[in-house]
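Chain naming follows the written order as A, B, C and D, and within any one chain the residues start at number 1.
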Amino acid sequence: MRNTEDAVLNMALTPADTAVTDLGQTGCTSPKCSGAFVADEDGVLVGISRASLARQDAGPVFFEEAGPRQQLFFAPHKTKIAIVTCGGICPGINDVIRSIVMEAHHHYGVAATLGIRYGLRGFIPACRHDVVEFVPQNVAEIHEFGGTILGSSRGPQPVDDIVDAMERLGIGFCIFIGGVGTMRAASAIQAEIAGRELPIGVVCIPKTIDNDIHFVSRTFGFSTAVEQATEAIACAHVEAVGAPYGIGLVKLMGRQSGFIAAEASMGLKHVNMVLVPEEPFALAGPGGVLDVLDKRLRQRGHAVIVAAEGAGQHLVAATGRADPSGNPILGDFCGLLTSEIKKHFKEMSLPITQKSIDPSYIIRSVPANTADAVYCGFLGRLAVHAGMAGKTGLMIGSVNDRYVHVPLPLVTRERKHIDIASDYWQAVLDSTGQPRFAVYQA
Amino acid sequence: MRNTEDAVLNMALTPADTAVTDLGQTGCTSPKCSGAFVADEDGVLVGISRASLARQDAGPVFFEEAGPRQQLFFAPHKTKIAIVTCGGICPGINDVIRSIVMEAHHHYGVAATLGIRYGLRGFIPACRHDVVEFVPQNVAEIHEFGGTILGSSRGPQPVDDIVDAMERLGIGFCIFIGGVGTMRAASAIQAEIAGRELPIGVVCIPKTIDNDIHFVSRTFGFSTAVEQATEAIACAHVEAVGAPYGIGLVKLMGRQSGFIAAEASMGLKHVNMVLVPEEPFALAGPGGVLDVLDKRLRQRGHAVIVAAEGAGQHLVAATGRADPSGNPILGDFCGLLTSEIKKHFKEMSLPITQKSIDPSYIIRSVPANTADAVYCGFLGRLAVHAGMAGKTGLMIGSVNDRYVHVPLPLVTRERKHIDIASDYWQAVLDSTGQPRFAVYQA
Amino acid sequence: MRNTEDAVLNMALTPADTAVTDLGQTGCTSPKCSGAFVADEDGVLVGISRASLARQDAGPVFFEEAGPRQQLFFAPHKTKIAIVTCGGICPGINDVIRSIVMEAHHHYGVAATLGIRYGLRGFIPACRHDVVEFVPQNVAEIHEFGGTILGSSRGPQPVDDIVDAMERLGIGFCIFIGGVGTMRAASAIQAEIAGRELPIGVVCIPKTIDNDIHFVSRTFGFSTAVEQATEAIACAHVEAVGAPYGIGLVKLMGRQSGFIAAEASMGLKHVNMVLVPEEPFALAGPGGVLDVLDKRLRQRGHAVIVAAEGAGQHLVAATGRADPSGNPILGDFCGLLTSEIKKHFKEMSLPITQKSIDPSYIIRSVPANTADAVYCGFLGRLAVHAGMAGKTGLMIGSVNDRYVHVPLPLVTRERKHIDIASDYWQAVLDSTGQPRFAVYQA
Amino acid sequence: MRNTEDAVLNMALTPADTAVTDLGQTGCTSPKCSGAFVADEDGVLVGISRASLARQDAGPVFFEEAGPRQQLFFAPHKTKIAIVTCGGICPGINDVIRSIVMEAHHHYGVAATLGIRYGLRGFIPACRHDVVEFVPQNVAEIHEFGGTILGSSRGPQPVDDIVDAMERLGIGFCIFIGGVGTMRAASAIQAEIAGRELPIGVVCIPKTIDNDIHFVSRTFGFSTAVEQATEAIACAHVEAVGAPYGIGLVKLMGRQSGFIAAEASMGLKHVNMVLVPEEPFALAGPGGVLDVLDKRLRQRGHAVIVAAEGAGQHLVAATGRADPSGNPILGDFCGLLTSEIKKHFKEMSLPITQKSIDPSYIIRSVPANTADAVYCGFLGRLAVHAGMAGKTGLMIGSVNDRYVHVPLPLVTRERKHIDIASDYWQAVLDSTGQPRFAVYQA
């Protein structure tokens, strides 16, 4: 039995009882059919602290648990699945693609798995990108290579044209691998599909190296990216130690959320200061970044600073420009920091040596580590299960250590951020030894 | 307000309201004291599926959330903390030690952090192991090395002697880093302490490379071990490909639970068959392991088998012996498998080449990867927070993606196993392509 | 002008002046043809110390320098090249195969490059292994995988049958990738070819992970193997540190020569004792291995021993058996050492903990590191150049930092060993800190 | 007996026959003293091709072989050794330092080994850098970290002041770890020492990541740097594949010589074009870089370009400025290349995506790989042997696969370059598939 709140949370192409295929009755050849199916009713509670439970007047909120369903919406041997990868690359995309193809082929025996090339552009006839048809042999080794074998691109394309292409290709459901922007596009596509009353499903797999998506405890590729980032930090430390008053500055990804910078700083112990978008630190003045850096250099002779891409935006003028994905182009805080450091220590007559490292392309383009590879395998499988069951307008999320179906409108509302009042951020500070900086006053 | 069930779940040295130190009032110098404390009432719900919630007649069960408390039981500058590491090594122990020492020193400013050498033996005067006194400088780099700088040993020691030593050393609380056996010992020690009415705390950090402890989603070192195991599997694959009808057999840790074998097989795609203690497979006969291997070899010319240490124990005679930790010494299933394979293919006149790899010591002795390093940092910090607050008889667990205090009696009841009827095991089978083997009939 | 000695050193299918193709005249399309050819007369002096030069009464000995020749014996577009890989695997074989195929195709445009499967067995019709025809696309990525994609096998096959197969396949020249045993076989094959007066070339690329081939400063894969071996040693050190009186024993490849053990011990600084086949050490008695180990353990509490596979054979009974390659199966010295250590310390009442690691299959099956990859590229290219020029009965060697053609008879005379009276071995001792052990007296 | 040429080649503080210590007679406690000494007369022939030997009218040229001497100039227990590291960091410096300290202490038992901090500045009193006294315990683990624990700096310091400091510190000999600039400084220092008739030795260990020093087949750190560079190239390839008409541009070290770029391109097979300082390529026009890139992109859809730091300087205006070491600051060729590529494909209406990676700081700051670690061990040992024997004004070189003493004046004459008419460069072209570009016409 579902409560009202729940009814809103789950979308499917049709009620399950009209599903065309019941794996429990039709003698599916998959070894799966011995029957460990997940029922829609097996919801996963979202808020699990005592306070959360007490707070919810409308009753507890559950997400559907992800997993194979006994009743399928799509007849496998007549169904075509499409995959599209959008936005920046991150470790593990090819693992996800491989997993989708393998699950669709070996577990369900679908008619075809199609790859749309170079993001949403691949749906647009004028861009003249061929559609790839995947078979297991072609994808067997792709996980050993970073990036995406489908190619990717940024930016929206006309929703009409995309749905036209889906119809033309005869797609049963499409799996979108992308970030919040992609999921907004997927929502619009799903709305258009609903408007046309088409039996086409929209399933999303969250992809962002910044790990800033709600209802996803850790986006795929994040673990690999953090591991890779620590290598750059180690190098910055070596450079800092090797010169008198050496400063190593490492710029890491993180436009609005500093998770990579924070985790990498806890992963390697040589970071003395980490700057994230969530903290409105002052640069100058007592207790500001320069003051803390000055003390560190005089005491220890060298320092490592890690700055997330979007840190310190309160200190630089907005560029007013945006990239093709619509993300605002950030002000150059690391440039500002570098010149302010130079200015400060010139005034102080301390002969520093500063080296800056921006390892972004190296971090995001390596193959997935084992943890991410395993994780990507689940994401791909579960997206296929969701799609085959006729689920639509959802993202495969991970909440409270369970895989769940998250309705797209809940995902796209806002980004996930580091709570700088939390014990998590305190752990970061404990690791670097930095204080809570003085707050910037405009 | 706590329910009856909850009262059972949490132990502390004294009621919190008689705590000697209130960080919110005494002007602690820690930057933490701005106040992001965790309250005991912030419980974490254990069963979070809709079914679990419905099932609980006695009301929902909560664990205490781990984290810093505003009210301490111990006065930091008078308190000595002890650390002891027991049982086999696994990646990350030194990270945990480092984290404990750093948190105890920098965050609380405790009087001393002592290291007990070579496991519980270090408490026993006759063993003549000196106690180490840790300071931050000495542990700053230890996480770069695998194993445990304290040394370890297996097996119990007299509880009386251990508590005597704790009294003699003036220990406020002791952090035990060990497996289920260690936690049983810690329980007995805590009971003895309670019997003597001593104000000494017992806090455990779960350590087992097999990942088979309840209320711990993933034990530290497991991620590293799985990653390392995949390298051995890759080598077995290369060996198998390089010879006519080549078979690579990799034996991985997992006495009672096959998690490493299962995860590593999903992490690397070259495994064709994974054997775990949880599955009562038949070796001979149709649908048995040899039959499936035979088909694979004829089709593809090579095969990789991964066997957990404790797999196939239903097929070998029990040794009746036990190691110093009391773990039964397992029967030699890999030996049996090797000779049965040889016999089978000799009968079939298929000239196989078999190579066996046992990478156990290499897997367990590498330094922690970044994910484990970060995780170990939290475990160490949270153990110190729990101990300082006067919590006792508990393990730092991770349930539903939250760090919690788990009462020791709940931990030691039974091991965590792979549910071979679950979608998790199905994902393993989907990855290897192996069928559900025929079940062994005695 | 050549001296008498030189005439013996170089073999070719016919005098160069009757070569069918002159690249300088026929307008070859290769960018190479601008003309940086190597002339046969560009010999490389073998003995280069002042003493060597003085010693040579018969005049200095030169080897032909390897490299592209202006005059080819074979007309490229009519020529088929064969590749065969024999014996145990080692890192880089696929790099060599790839290089041969690429050079043969892109540089010379040969008619075909054939792969013989599973060693010399692939020539034998009764073994029913298909011959592979390589094209660039098929080998483009093979260097990313360890081992040999052709497969390998041990042991001889009838020379007649092999040459029959070469004739049947229409092979111009065959490149044998193998060790001293393979080169002996290649010599016999070349003699048979000469007896039949066939225009078929025999070119060898030396492959042995033991690095024990004369006129090859470092066999390919050796650098990778040593690097990989250090990881196992690091683990043995961690195991040794983690237990009271811990001893880590690592067995490394090296049947007759201890180069891997020696280099790995210099590469990682945790080795306290390295045992090689070249040193006739005593186990018992003053200054013997046990005595030195005893002192080390009492002083430092832990020790790491590295033993080459063939070390201590003077202390164990010969098995009298041989593997399919004809190599004698060695006596189990590491077993002896283990039991003698156990016995010794039991007598001494020192409670040691010993862990043994045999990483051989892991060491030899990883992909080549970058240095080996580059090196393998040269070996493959130069073998093709030599073959195309009609050179035969030779191995591509590296002498005095130059690539040369070494006549097979000079190679197979004896193995290369560590000179334990040299400064090289002294450097190993300086690294481990071990003394020169007392010499075993039978 | 030495020929005239030889007499010029070797310098020593005094004739060997007045050496104060004869290790063969005084009963040195080193295990070395069993006697595998190297004699000065054991020269190594420099030119070893037949042509070289024929060419030398003045007789063959030999270098002294490096190694331990029986007769020492310095009495070990009275001798202090100094170490200084100059210029940019590269992998392995700490391995060299460690080796020097260990050899000086354990093998010779010298009075002290001193570390001069931050390059030649460390000799200058006004810079106020303390001198470090090394003992084995302090350096035992330093090889696990990249860079130099001594710190480094660029640029000359007054020779007078340096020699004053050497006298003041009572240094027997100083080991300079640096590049050609440092060796020029060392020559001047040695001349000043000779002018003052001081018994102070000057021994150099060549250090340059560019591998551009004569009489050094491969500078230490080069192997590691090349390996590390391939990882950046792999990432550039992934980025290029992931976007429509993707171009990955990797800038590698190599101011005047393109060895890292060339080797890394042979080590990883994804490079399509490598640009080095030695080749005067045209950018525009038929057969120029843009033309070749255009064809590649249209055929394959993506491309990877590797450019050495100093490539294409014939196409950019000289900056006229120099860094503190006196090296001219290079014109920004990669900037030019990027803008010319953008311009070209805009004209061609091909929508490219270009990503640039500059991994220099990451490449040079990693710890040495095993091959470099072993190599660094020899360089350090041999420098100590040379210094103790009273050799001066020399560099430890490696010529024809032997370690030798190279007189400094021979080293500093000119840089080592890639010969683009050689088979080595042809091998690079064969690997990338690029043609010989049209030559730039000013």
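Following the convention adopted for this analysis, a residue touches a chain if its C-beta (ideal position, glycine included) is under 8 Å from a C-beta of that chain, and two chains touch if they have at least 3 such contacts.
All figures in this text were calculated on a predicted structure; none of them were measured in a lab.
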| item | value |
| --- | --- |
| Neighbouring chains common to subunit B and subunit C, by label | none |
| If a chain touches subunit A and subunit B alike, it appears here | none |
| Relative to subunit A, chain with the most remote C-alpha centre | C |
| Computed distance of Cα centres, subunit D from subunit A, in Å | 43 |
| Rounded Å distance, subunit C centre to subunit D centre (Cα mean) | 29 |
| Separation of subunit A from subunit C, taking each centre as the mean of its C-alpha atoms, in whole Å | 47 |
| Contacts with two or more other chains, residues of subunit A listed in rising order | none |
| Overall pattern in which the protein chains touch one another (line/ring/star/complete/other) | ring |
| Which chain pairs touch, all of them | A-B, A-D, B-C, C-D |
| Residues of subunit B that touch subunit A when the two form their complex | 31-32, 34, 36, 38, 41-45, 48-51, 53, 60, 62, 65, 67-68, 98, 102-103, 106-107, 140, 143, 217, 223, 226-227, 230, 263-264, 266-269, 369-371, 373-374, 377-378, 381, 399-402, 421-423, 426-427, 429-431, 433, 435-436 |
| Partner subunit B, residues of subunit C touching it in the complex | 89, 118, 121, 129, 145-149, 151-153, 231-232, 234-236, 238-239, 241-244, 246, 355, 357, 359, 361-362, 365-366 |
